[in-house]
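Both of the next two complexes hold chain A, though its partner changes from chain B to chain C.
Moving on, here comes the complex of A and B:
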């Protein structure tokens, strides 16, 4: 083969291999920090893995998975997680949408308001939770002070240590912290809608609500779905808010699935059971993630 | 360039010399949960300063989160092999088995200290030392400080209510005093009899357990001794029901407990601010009060934890030591140096420094001396009350790896009873079933 031919082949190989070389560091990194831990966790879920007895680690097959059906605290944590996800995702979305519509108006000072709105989302979650712990304090908290001062409540309320209020309080903090992100995402979507669409709707006699229903919502659909799915995935694996506020208590009242896993792993030292529960959460979030990726694909094609 | 050669050479030599000096130093890391508390931080900093001055080749580094976060972090570190050279554990032997068992070997995650302690005077001189055993070997040194619980009260509030502290002998006397002290104050705020943690914090169970459960024999198994088998679990028996119900009535029926205390820090704040009149605490509380406001010490006094009247009999409070103890990790690169430091902490010289933390230093030679009694009269009073009234040997938590899980079950049970107000019999019945399941 001539030198020119060899050079041509070399160039072709180089061109073809270049993308692989470029993504190689990322693939290696992902393998180390994501793939390996996931495989290890799946493997651990089939063994006893009781850390307090490190010398005995029998293979138990699906035992941990099957035991969950009889475990009332696991079922309780699933119910709490479903409530937590459903309510916080919905309310964050509704509040975020209303805020986005308001922020989309062309009025003076809206830029400053947009910047201020982002603050709750930009604050570190642990800091936010610790502030709320202080604000919800029974003796010295500002909520009790304000509500008793204006006569809404007669006596201070045990916001964090009442079994009926602990979960709503955790939801409230989650919503307060999370709606700005929804607002900003939807605002970006709103700004992509052509003015001509509204003008055409107006000519057809559509009022504000009809414009919103027939123009705004359908056009926002791709962004809306993306926001919904990401919120679902993030909230299913939410840990910090419920942990910092109440550690899953009182008496399991805020025991989100992630708290259940944490307590199994680090308090009970039963890594096998914790891994099995972790794998179940992974499967659920994977379903949402696959759905999200397909949606992105479809949106790109459209 | 030539001009730069000499300064560069000097710089290079300096770097080599400082590196060599730095490398000569032996670094001992110590992790603990009390370093975030002002009186303990002060004492540990002084210990470091004194020991490093005497041993210039040693560098001591402290770290660790607060009590509530400490235990899970420590478990993870031991499993990962990243724990400090010296690890601090509290509550005597109770937690030893849980953490030692995380690593294989006769003495688990910590080194065998028999050669330094067994047969020496330290066995008797250091309060609680004999309890620091795992698989028959000493793995810890009770070299810092110790203390049993008593009831601290505000003298002015007692005087105002006309209560003679000496008349509080039993839990019923205690309840009566708490009722008298609970009232609406002139400024419209409430004053409560005493403070207790009523939250998701572990103390929601711990305080009640030592106050009332262990004195009347409410333990996990009889006296918390083996065998640990499902048939042997006694949680949920008559004594447990009595203890839980009595505490629950204090909160919900008599309403003498200040509501909303998340942790012990809240409870102490309420005491210092005059919202609660009595606080069940240990001698460390004296040091904390001194740090908070030294003048408050004039209004502070102590009585013994009351006896419990149960089924017509009177049971004394169990003398729990709550010693702050230290263990050397099997991963420690300089175990001899670590042990030397720990043994030095038990000497009178170091114990004098430790007394600054407000607890009772664990070496009896020092803590029963006239100097110590003169400087810390309230601690001396507690020690003599304990000697006179408390029962020994105390019921200790079982030395088994499952203790962490059992505690979690009981903390949840306590939350259900003392926060939710759930039926005590049901709560304890469920807890008993869960504990039995652990041993099946």
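Moving on, here comes the complex of A and C:
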């Protein structure tokens, strides 16, 4: 074969392999830091894991999974996770939607407000937590001071160490930090609505609420679904807020599933059991992911 | 029935009340943080609390920066650790993500769509799930308590998200531009470096910033992978003080202010682009 011919074939191979060469480094990295850990977690969940004696890690089958059914701390953590996710997702959405509608109004100064509301979203989680720990402080906290001076409460309240209040406080911190993201996503959705649609509705005699119901909400549907799915998935894996506020305490009152996994793995050193709980979270996450992918494909095709 | 004008005034009033409420909801805690960082110790531990420091002082900031052996917080070390980790994470992420997302955006190859699904899935994956094997892996590689080890772990958080984000930017650059470059005699790689990357520069900057912010704020991995306090990042140093018996709120507030302000400024400057990327990344494919 002539030199030119070889060069041509080489070029062809190079051209064909180029896409793979470009993605390869990323795929290798993702395999090491994501894919391998996921598979390993699934594997580990079927074994007993003694950190100190890795050579004797017996296969235990579904033991860890079956044990969860009568582990009251596990069941407790599931209930807390459901409460935490349901309430914070709903409230972040409601506040975010109201805020987005307000921020979409064409009034003077709304631009500045749009910048201000991003602040909680931009702040590091740990900073937000510490800030509220101090503000909710029993003795010197500003919340107790404000609430007692308005007369809502008579005595200062132990927000963080009361086992009935610790979870609502964690939810409050989560909502305060999280609603701006919802507002901004929905605002972007609102700005995609054509003015003519409202004008047409107005000509048809629709008032504000009718316009909201028949024009705004249907157009926001795809964004809303995305926001809901992402919020659910992110909140299930939330760790920082509850950990920094109370480490899952007092008396397991804020111990949601991620804290449960973390403490099983790194404090009780029961890696197998922790992995099994992780796999359960994985399954739930996968269900949401499938919904999300369907949603993406649908918006792609439109 | 209400007249049109009256209706408009009512609506405007409601909007303004709402906006003021939103602002105070956000700004009261934010203001409290800044105000408290300038309070002398006695004013932090006082009841009723004071909104504006009566005797403003920089003591908290001085204590914050003073080295640990001299009774301070040793913030400088934590800050430089955080900067090193976030910088390297962002650089590695952007390099890997830009090649990969260019390929995903431009070429139809076998595995393209399954790779895309994998990226979306990894974005939604709970960190706690990969934490345990990652910890064991890093222990075997002797990367525990090592800043580069943390960078390595952080790419698992940043890489899927940033690849996805960048793919969106590349998709918005018409493919005709690559072809024009090829007609001018550029190889595909040449077109990438000379034409597409410069055009995607704003997107690359935003992606870099996003990776930077993600690792700048991260807490759980830092908590798990770093032990000795010389290696701590700022979020870890601040977060760990919570369990201590005596908390010096002065320098916690000062430290909070110092790491929050740069991020808030970046956010405000890049807000438009961040929102754009966010929306195109999350809503479209």
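Here is the rule we go by: the second predicted complex is superposed on the first by the 282 of 302 C-alpha atoms of A that agree within 3 Å, B and C clash if a C-alpha of one lies under 4 Å from a C-alpha of the other, contacts with A are read in each partner's own complex, and residues count from 1 in each chain.
Everything below uses one rule, namely that contacts are C-beta pairs under 8 Å (C-beta built on N, C-alpha and C of every residue); 3 or more make two chains touch, one makes a residue touch a chain.
Everything quoted here is computed from the prediction, not taken from an experiment.
K.L.:
Hey, is it chain B or chain C that touches more of chain A?
P.N.:
After superposing on chain A, more of chain A is contacted by C.
K.L.:
Touching A:210 in the superposition: chain B (first), chain C (second), both, neither?
P.N.:
In the superposed model, A:210 contacts neither chain B nor chain C.
K.L.:
Considering only touches as defined above, state whether A:12 meets chain B (first), chain C (second), both or neither.
P.N.:
Touch partners of A:12: none, neither chain B nor chain C.
K.L.:
With both complexes overlaid on chain A, does A:133 touch chain B (first), chain C (second), both or neither?
P.N.:
both
K.L.:
Which of the two partners, first being chain B and second being chain C, lies in contact with A:248: first, second, both, or neither?
P.N.:
First partner only.
K.L.:
With both complexes superposed on chain A, which partner does A:267 reach: first (chain B), second (chain C), both or neither?
P.N.:
Only chain B is touched by A:267; chain C is not.
K.L.:
Now for A:294: first (chain B), second (chain C), both, or neither, which partner does it touch?
P.N.:
neither
K.L.:
Figure out whether A:221 sits in contact with chain B (first) or chain C (second), or with both, or with neither.
P.N.:
A:221: touches no partner chain.
K.L.:
Under the contact definition given at the top, report the residues of chain A touching chain B in one complex and chain C in the other.
P.N.:
133, 139, 247, 266
K.L.:
Across the complex, what residues on chain A touch chain B?
P.N.:
51-55, 133, 137-139, 156, 158, 160-163, 246-252, 263, 266-270
K.L.:
For the complex, give me every residue of chain C touching chain A.
P.N.:
Against chain A, the touching part of chain C is residues 11-12, 15-16, 18-19, 22-23, 25-27, 29-30, 32-33, 36, 44-49, 95-97, 99-100, 102-104, 106-107, 109, 112, 115, 117-122, 124-137, 152-153, 155-156, 159-160, 163, 188-189, 213, 216-217, 219-220, 223-224, 234-236, 238-239, 241-243, 249, 252-253, 256, 259-260, 263-264, 266-268, 271, 275, 278-279, 282-285.
K.L.:
Contact residues on chain A for chain C in the complex?
P.N.:
That would be residues 15, 18-20, 22-23, 25-27, 29-30, 32-38, 40-41, 44, 98-99, 102-103, 105, 107, 109-110, 113-135, 139-142, 145, 149, 176, 180, 184-185, 188-189, 208, 222-223, 226, 230, 233, 236-237, 239-240, 243-245, 247, 258, 261-262, 265-266, 271, 274-275, 278-279, 281-282, 285-286, 288-289, 292-293, 296-297, 299-300 of chain A.
K.L.:
What does chain B use to touch chain A in their complex?
P.N.:
On the chain B side, the touching residues are 72, 75-76, 79, 98, 101-104, 198-200, 258-260, 262, 266, 270, 275, 401-402, 404-405, 408, 411-413, 415-416, 419-420, 422.
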